[in-house]
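Order as written gives the chain letters A, B, C and D; numbering starts at 1 within each chain.
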Amino acid sequence: MRYLPLKDADRSAMLTSIGVSHIDDLFRDVPDGLLNPAIDLPDHQSELAVERHLGALARRNHAAGDGPFFLGAGAYRHHVPATVDHLIQRGEFLTAYTPYQPEIAQGTLQYLFEFQTQVAALTGMDVANASLYDGSTACGEAILMARRVTRRKRAVLSGNLHGHYRAVAETMTRFTDDELVLLDPDAENPAAMLAAAKDAIDDRTSCVVVQTPDVFGHLHDLTALSEAAHEKGALVIVVVTEAVSFGALTSPGAMGADIVVGEGQSIGNGLNYGGPYLGLFATRDKYLRQMPGRLCGETVDSHGKRGYVLTLSTREQHIRREKATSNICTNSGLCALAFTVHMALLGGAGLKRLARLNHAKACRMADTLAGVPGVTVLNTAFFNEVTVRLDRPAAEVADRLAAQGILAGVPASRLFPAAGLDTLLILAATETVPDEDIAALGAALKEALQ
Amino acid sequence: MRYLPLKDADRSAMLTSIGVSHIDDLFRDVPDGLLNPAIDLPDHQSELAVERHLGALARRNHAAGDGPFFLGAGAYRHHVPATVDHLIQRGEFLTAYTPYQPEIAQGTLQYLFEFQTQVAALTGMDVANASLYDGSTACGEAILMARRVTRRKRAVLSGNLHGHYRAVAETMTRFTDDELVLLDPDAENPAAMLAAAKDAIDDRTSCVVVQTPDVFGHLHDLTALSEAAHEKGALVIVVVTEAVSFGALTSPGAMGADIVVGEGQSIGNGLNYGGPYLGLFATRDKYLRQMPGRLCGETVDSHGKRGYVLTLSTREQHIRREKATSNICTNSGLCALAFTVHMALLGGAGLKRLARLNHAKACRMADTLAGVPGVTVLNTAFFNEVTVRLDRPAAEVADRLAAQGILAGVPASRLFPAAGLDTLLILAATETVPDEDIAALGAALKEALQ
Amino acid sequence: LKEPLIFELGREGETGVDLEGPGAFDDRLGGLAREAEADLPGLAEPEVVRHFTRLSRLNYGIDMGLFPLGSCTMKHNPRLNEKMARLPGFADIHPMQPVSTVQGALALMDDLAHWLKTLTGMPSVALSPKAGAHGELCGMMAIRAALEARGDARSVVLCPESAHGTNPATAAFCGYKVKPIPAKANGRVDVGALTAALDDTVAAVMLTNPNTCGLFESDIREIADAIHAAGAFFYCDGANFNAIVGKVRPGDLGVDAMHINLHKTFSTPHGGGGPGSGPVVFSDALKDFVPLPYVSQGADGFALKEWPQGDDDASFGRLVAFQGQMGMFVRALTYMLSHGADGLRQAAEDAVLNANYIMAELDGHMTPSFEGPCMHEALFDDRFLKGTGVSTLDFAKAMIDEGYHPMTMYFPLVVHGAMLVEPTETESKAGLDQFIGALKGLADAAKAGETDRFSGAPYHAPMGRLDETRAARQPVLRYRRPD
Amino acid sequence: LKEPLIFELGREGETGVDLEGPGAFDDRLGGLAREAEADLPGLAEPEVVRHFTRLSRLNYGIDMGLFPLGSCTMKHNPRLNEKMARLPGFADIHPMQPVSTVQGALALMDDLAHWLKTLTGMPSVALSPKAGAHGELCGMMAIRAALEARGDARSVVLCPESAHGTNPATAAFCGYKVKPIPAKANGRVDVGALTAALDDTVAAVMLTNPNTCGLFESDIREIADAIHAAGAFFYCDGANFNAIVGKVRPGDLGVDAMHINLHKTFSTPHGGGGPGSGPVVFSDALKDFVPLPYVSQGADGFALKEWPQGDDDASFGRLVAFQGQMGMFVRALTYMLSHGADGLRQAAEDAVLNANYIMAELDGHMTPSFEGPCMHEALFDDRFLKGTGVSTLDFAKAMIDEGYHPMTMYFPLVVHGAMLVEPTETESKAGLDQFIGALKGLADAAKAGETDRFSGAPYHAPMGRLDETRAARQPVLRYRRPD
C-alpha cells in the first residue's frame, strides 16, 4: 500500500515494544465476535486502475464545457484563472488544519482576514465571518441569528427566494419553535412579491428574508422594504446567490440590510456538482456577538508584530457547547482561499468589468430569447439571469435540448415543484458563454418550440 | 495586461526620476527609423480566450489515452503518479534558476545529487551528471567525450542504434574531423549486427556505440563486445532509450560499459510530443573530468553542515569558454526532478516490479501478434518492445489503424528511410496497455492484413 | 518575514485579470447599478502569486511533517485524489443539470454510499451533510423525526463530558436538553450510571467511539441494548472511525446513526479548516427518516429524489441547497478504491499501532492518562509537568521549535492539561522514533528546570505567541484603509 | 532544517507505487535479467511528498520575490502556461504518431513560428534546439553549412570579451578559432577594430544585442554592413531579446541568425536549470540551411519533413531525436497570445523602464559602469566598494539576508566586480522601491564599515556559505551507503 510507510518488520518490532504479540491484542476492547468482519469490497488497486475507474465515471457526465451552457439558479459557471487553483494546491494551505496554533498558521489566518475584509466590502457591511458551508445554510443561520438578536420567532421569507434555500430554512427550524411565513413565488410580478413581503412584516417578525437578484433573475431595490422592516423592529436578511453581481449592483448594505448571506462559489470556485461551495455571512458591527461561525481577528505577537488569530470563540460550540450560537465547527477554508485569490486578482475594478461583461452576455441572451416564437422573457431588470415562459412544460424542452448537447437552463418546477411554474425556464449567461452559443440556443429553442 | 504591474502613473513617475520624458528616450541607441515597427499580430487576449484557442488546438490531436496505443521507439508512455506533477509544480522548484547561489538553492542541489546517485545506480556506473537535453544529444556528447579520453577520432556506431540518435551524432560531428563508422541496421539478425560492430573496432577506434534494448527491441549481452573494445583501447558507449528497462536487465556497467547514455523520459516524464526530455549520462570515475554537463557535489557550509554545490565547473563553458568540454549551459532540471521523485517513489523494488509488468505486457502483445496471419515477430529476447515484419508496407498499415483509433507502432521506415525496412513495424507495450487493447490490436491487424 | 495585506499591496483600478470587452448593449440593471466599485485594490498576477506563496510559507501542513493533532486525523492527502476531483466530468458539472447528463456523478455517489454502508454494516446513508457537525445535525434530526413519527418527541439527550462540543450544540439545535453521562476511572462510560439516567424522556444517547480519550468503549453492546430498551436511539460520533474502519462495523455495535468525517477517515484535505463532508449512516429503525435529496435507481438509470412525495414521505427535509460535497465524494472514493478493503483494515491497524507505540515509548517520560491499549490516539495529562512551572500550553508551543505541530491541548476536558496525540497510519517508524525522541527531550528538559525553553516558545516560528485576549477585547475583524 | 537524502530515509524493498500483478507469462529476457535490483531504497508516498516539499522550501524562486539575475530574465511564470502544457492533447502525444493524428500540434508549431518570424522580422525559424546554447550551435552550423555550400568554410569567429561563455564554446564546437573583438569605453563594440579584424577568414561575428553590459549596440547597422561586406555572417545572441521584443526587429538590424530563449523572453519556467528551448530565426541568406525536422504545409494539412530528400537538400541535419521542446512551445505560445503584440511591446518597455529606474535611483550609492540609458539590465561594478573590504561576492550574499536573490556577479568579465541587475517587467514600482532601498542600505552599510554584515553573510539562509573548493578538490558526486 503506497500510502502506508510501515513494513511488517516495523510492525513486529513495534508490537514487541508495546509488549503485545498480535495487532488484535490492541483491539481487545472490541466485543467478542465482532472483530475483523468479512468486508465484501475489492482489495487495493494501483493508481492507474483507480484513475481508469474514476475517468470512466467522469466521462459519463456531460461537462459544462462540452457544449452551450446556460444553467444558473444558485450555481454559476465562471472562468477561474489558473493561478487560483495552483495556489490553493500548495501543500501548506491544502494540508493544514484549522489555525488553532497561530504561530504556525499565519498563512491561513491572514487570508481569512483578507477574505473577511473582501466580503464586508462587497456586501457593504461592517464585518463578515470566515465562511460557512454554503449559501443555503448561511441563510438558515441568519434566520436563527435574527431570532437571537430580536428575541422574536417569526421570519418572513420572500416568495422569490431560491426554492432550496427555503427548504433548508424549513429544515433548520423544523425542531425549534420558529415560525416561517412562506410567501408564494411570483416570477411574473416581482414588485408584487416584494410588496407582499413588506405587508407580511409585523411586530412579531424577527426578520424578512429577500433575495436579489432573485431566483428568477429579477433585481430589487430593497430600500423601502428595509425601512418598513426596521420600523417594525425586524431585521432585513438579504440573500445573494451570484457573488459576481456584487460588481454591478448597489450593495445590500447600501439598501439597508442587517445581515447579508450569500453563495460565494461564483468567485474562485467551480461548479463541482453542487459542492463544496462557500457560504458568505456579513452583518453590522452591533450584531457581531450573535454571529455564527469562525472569525479571524488582528492582534500582535510577543514581539509586538502584527498577526492574526481566531477570535470571539466564546460564541462557538467548542467553548460554549450547548449554549453556542451554532453547532458549526468546519468552515469552507480552502474555498474561501480560492475566493480571496480570485478576488485579489480581480480587485474592485476587475470585478466591475467582469460583472459588466456578464450583464452584456445576459442582455444578448435575453434579446435572442425574446426573438423566439413561443418564448416570453419575464424580466425587465436583471443581472446575468432571466426567466422565460414557454408555451409548454420547460422540463421537457430542457431535456430535449440536453439530448442535443445544449444545457439550456433550470426548469422552475425543479425548484418549486408544487407552485404551478411548469412552463418557466431560468437561464443564466456568464462571461464563459460565447455569442455563438447564444445563437445556438436560440436556434435550438426555435426548433423545439415549433 | 494581467502580468504587468506598472500602471501609467507609475511609468510617468519613473520616467521623471530617470530624467527623460518618453519611454522611447531610453531606446535612443536604436538606429533611426527602426524603432516601433508595425507588428502584424493580434493584441492581448483574456485568459479565457487563450484557453479556448489552445484547447481547440489540443483537441485536434489524438492523445495516447484516447485509444489503444503501442508506440515506443525512444519515447514511452508510462503511468506517472499524480504526486510527481504536484511536486514539480511547487513554485520554489518551478521558478528557480540554475543553483548558482547554493545557500538558497539547496532544494535544487540536493535533488540533483539524488538524481546523480539514482542514475549511477541504475546504469551500474560510478558517476552521473545532472542531466543533458535528451538521450540523442547525450549520445553525441559521449562520442565527443570518447575522443577526448582516447585522443582517437573514429567512432563505430552499431546499426541498431535509434535512427535519430545516429542522425544527431552525424550532425554533432559534421564540422569536426571525427569519423563515424555507420553500420547498417539489422532487425532480423541482431547477433550479426553485434558481431559486425565488434569487427569494426580497430586501433584507431575511439568508441563503439551500441544500444540495448536496441531500436528493434532486441536485447544484447555486451560483455564480449566490451572486452574486445577494451583490448583495442576503445571505449564502450551503451545507449538505453527506455529507462524502465534498467529495472529488468543486467546493467550496462555490469557488461563493461565505459559511458552510459540514455533517455530518462520514461521515468517521471510524459510523452510531450518529443520534448522536453531528459538526457542521462554516466561514466567511470576515471573519466570524470572529461564529462560534459553540470555536476552537483557534496561539501560543507561555514558551520560544517553538509550541503551541496555545483562543482567541477572548470570543465564548463562559462569558465573555460572555447576550451570547455561542451557548449552546454542548460540541463533538464525539472525533468530530472520528475525522474527523481518518481524513482524515489518506486525505489529499486518498485522499478523491478514495474519493469516485470512491462515485460509481461510485451510478452502478451508478442504472443498476440505472432498469432496474426501475415505477421512475423522478429524478437526472441526483448523487454517491452518488439519488431514485426508484415506482408506489406508498415506505414500503410499504421495509417489505416490510426484512422480506426489504434496507434499501432512506429514504422521502421520512419527511422531508417533508406534502409529498405518498409515492412517492419516497431511496437511497445507498457503497464498502461490493458489486455483488451492488445486483443483489439490483434483483431485490427488481422482485418487490415486480410 | 512580514507580508503586507493585499489591500496594502494593491492599487486602485488595477486588475490581474484580462477580460474581453462587453461589446455594445443596453444596460438593463433597472437603476440599481452600483455607484462606486468595491474599495478593493487589485494586484497584477505576479504580485498575487507571490503574496499567497509567501503566506503559505508561514503555515505548517501535513506535507511538512508529523501533525499529531488528536481527534483531527491529519493523515497524508494523496494528490491522486486532487487530480480526480478536477476531472471536468466531476468539477465542471452543474448541480441542476438533467439527471440524464450526470449519470456518472450519480453512479459515483451510489458507489460511495455502497462503500460506506458496507464498511459500517448499516443499511442506509445520507451523503449531503457538509461537515461532521452537519452530519450530527442530520443524524439527530432523523432521530427526532423518527420519534415524532411515533408520537414521542422526548426531551433529553445524554452526552459524556468528554464529547466534542458539537454534540451538545447539535442536540440543543434539535430542541433537546443535554444531560451529562459520567465516566469511569478507566476513561469509559459508566454503564450503571447511564442505565440509571435512561428513562422515557431520553431521545438519544450521543457517544463517540473510539471515544475522545482514545479508548474503545468496551461495554458498547450493553450500552446499545440499554438505550434501545429505553426506547431511545444510539447516535455515534464517528470522528474516530479511522481507528476501526475494516476492523469493526458500527452496525454490529448497535449504533442507529453515525456521521463519518470524510476528511478524517478518508483523507479529503482539511484545507485550513474546511470544506469537510459528513455523510451519516443509519440503522433500519432510522433508514426512512433521511434528508433529501438522495440517489435512487430509476427506470433509465440513476435518479435523484429531490422533493417529498405524498404524505407518507418520512424525510425530515433538505439540509443543503444541492447534493452535498461532490468534490469530497470523488476524493474519498478515490481513497477507498486505492486502499481497498485490505488497505483500509491495514490503515486502521497501523493507526492504532502507531498510537500505542508512542504511548508505550513515552510512558515514564510523560503520563498517559489511562491504561492501555489505546486506539488511534494516545492521551497524556500534565502530571509529568507537576512542579516544573511548565504548562500544557508551554509544552505544546515548545514542540513547534522541535519542528512539529503541537498535539491537541486541553481536550478532552476530563483529564487535567490534556495532550492528545494522534500520529495516524501515514507515519513511518523512523518518523515516530524521531518524534518520540523530541518529546522525551522536552519532557526531560521541563523536569530539568529549563523553563526558558518553554515560557517563551516558540522561538523558531514565523511569529511569537499571539495575544488572543487583545484580539477578543478589541476586535479588529477587517482591514480599514488608514485615514 | 536538515533534510536527509532519500537514500537515508528509504527502506530496502519498500515502494510508494502500487502496480497490478504481471499475471502468468514466460520470461523472454534471453538470460539478461538483472541479478540484483538497483540499490535504491524506496519510500511510501507520504514520505516522498514531505521530503520534496521540505527540499523545495530551501529554494528561492520567482514566486517568492524579486530575482534580479542579470542576463537570465527571471520574470513571472504564468500558471496558465503550465495548465495548457498539461492538456492531454499536448502532453500525451507521441513524437512518432502519424502526422494525421497530430495536426493540432503541428498547427501550434506553425503558429509559434509565425509569431517568432513576425517579431524578429526574419523569414525562417528552426524550432528544435533544446536551449539557448543549442540554438547557438544550430545557428553557427547553418552558417558553416552555408559557407561550405559556397565552398568557403573559413576558420575564424569573432566574439566580444563580454560574450556569454556559450558563444566561444559553440564556435569551437563548429571547428572555428575564436578571436576577441575589443570594446569601446562606452561598453559597445569598437566598430573600427571590428572592421579591421574582418577578413576573408572570418566566418561569422557573434554579438549579443542588447549586449551583456545591458546596452544596445548603437552601431549595429554599420557592424552588420561591415560583416556582410566581408562575406561573413552576423550571428546575434538573442538572450536579451526581452528588452526589444516588439520595439525593434533583429531582421531590420541585419542579423543573419539569432536564437531566442523561450524561457527568458517568453517566460517558460527555468525549473532550477532547465529544460529550456532555443528556436533560431534565420535571414534569407541562411533560410535553406536549417535543421530537420520542420513543419511544412502538405496536401492534407501540415506535414513534417524529417529526412533530407535529394542532393539539393541544404539542411545540415538533425539536432535532436524529435521535434524539440513541444512543452515549451505550448507555454511560449500561450504567453504570446496572452500578451499580444501590444502587451509584448509594453513588456519590453517596462523591462527597460524598470532597469533604468534602478540605475537612476542607485546612482550615487552604487557605481553604474556605463552612462545610461541601459536596456533591461543595469550594470554596476565594485568601485563603490573600494576600500570597504567588502567584495562583490560579499555584497551579493548580504542581499540574501535582505530577502532577495543576488544579482549576477562577476559577469560580464569586462568590468571589475560586475553586478548585473535585471528586474524584468513583472515587478511593481513598490517592489522596486523596496529593492532599491535595500541596496542603498547595504551600500551605505559597506561604506560605514559594517563589514561583519557582509563577510559572514548570509546569516538568514538555510545554509551558510558553502565550501566550493572542497567540493571540487574532493569530489563527492553521489551518495554511497556507509559500510
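Everything that follows uses one rule, which is that a residue touches a chain if its C-beta (ideal position, glycine included) is under 8 Å from a C-beta of that chain, and two chains touch if they have at least 3 such contacts.
This is a predicted model, so every value here is computed, not measured.
Set side by side, A-D and B-D show the greater C-beta contact count at B-D.
Inter-chain spacing, taken between the CA centroids of chain B and chain C, is 46 Å. One simple way to say how far apart two chains are is to compare their mean CA positions; for chain B and chain D this gives 20 Å. Chain A and chain B have Cα centroids separated by 48 Å. Under the contact definition stated at the top, the residues of chain C that touch 2 or more other chains are 13-20, 43-47, 49, 53, 57, 62-64, 76, 78-80, 82-83, 338, 426-428, 431. Residues of chain A in contact with at least two other chains: 1-5, 44-49, 51, 81-83, 85-86, 89-91, 345, 431. If you draw each protein chain as a dot and join the dots that touch, every dot ends up joined to every other dot.
Within the complex formed with chain C, the chain B residues making contact are 1-5, 7, 44-49, 81-83, 85-86, 91. Interface residues of chain D facing chain A in the complex, by the touch rule stated above, are 11, 13-20, 43-47, 49, 53, 78-80, 82-83. On the chain A side of its complex with chain B, the touching residues are 2, 46-48, 51-52, 79, 81-82, 86, 89-91, 345, 431-432, 434.
Taken together, the chain C residues at the contact with chain D in this complex read 1, 9, 18, 44-47, 49-50, 53-54, 57, 62-65, 75-76, 78-79, 338, 403, 426-428, 430-431.
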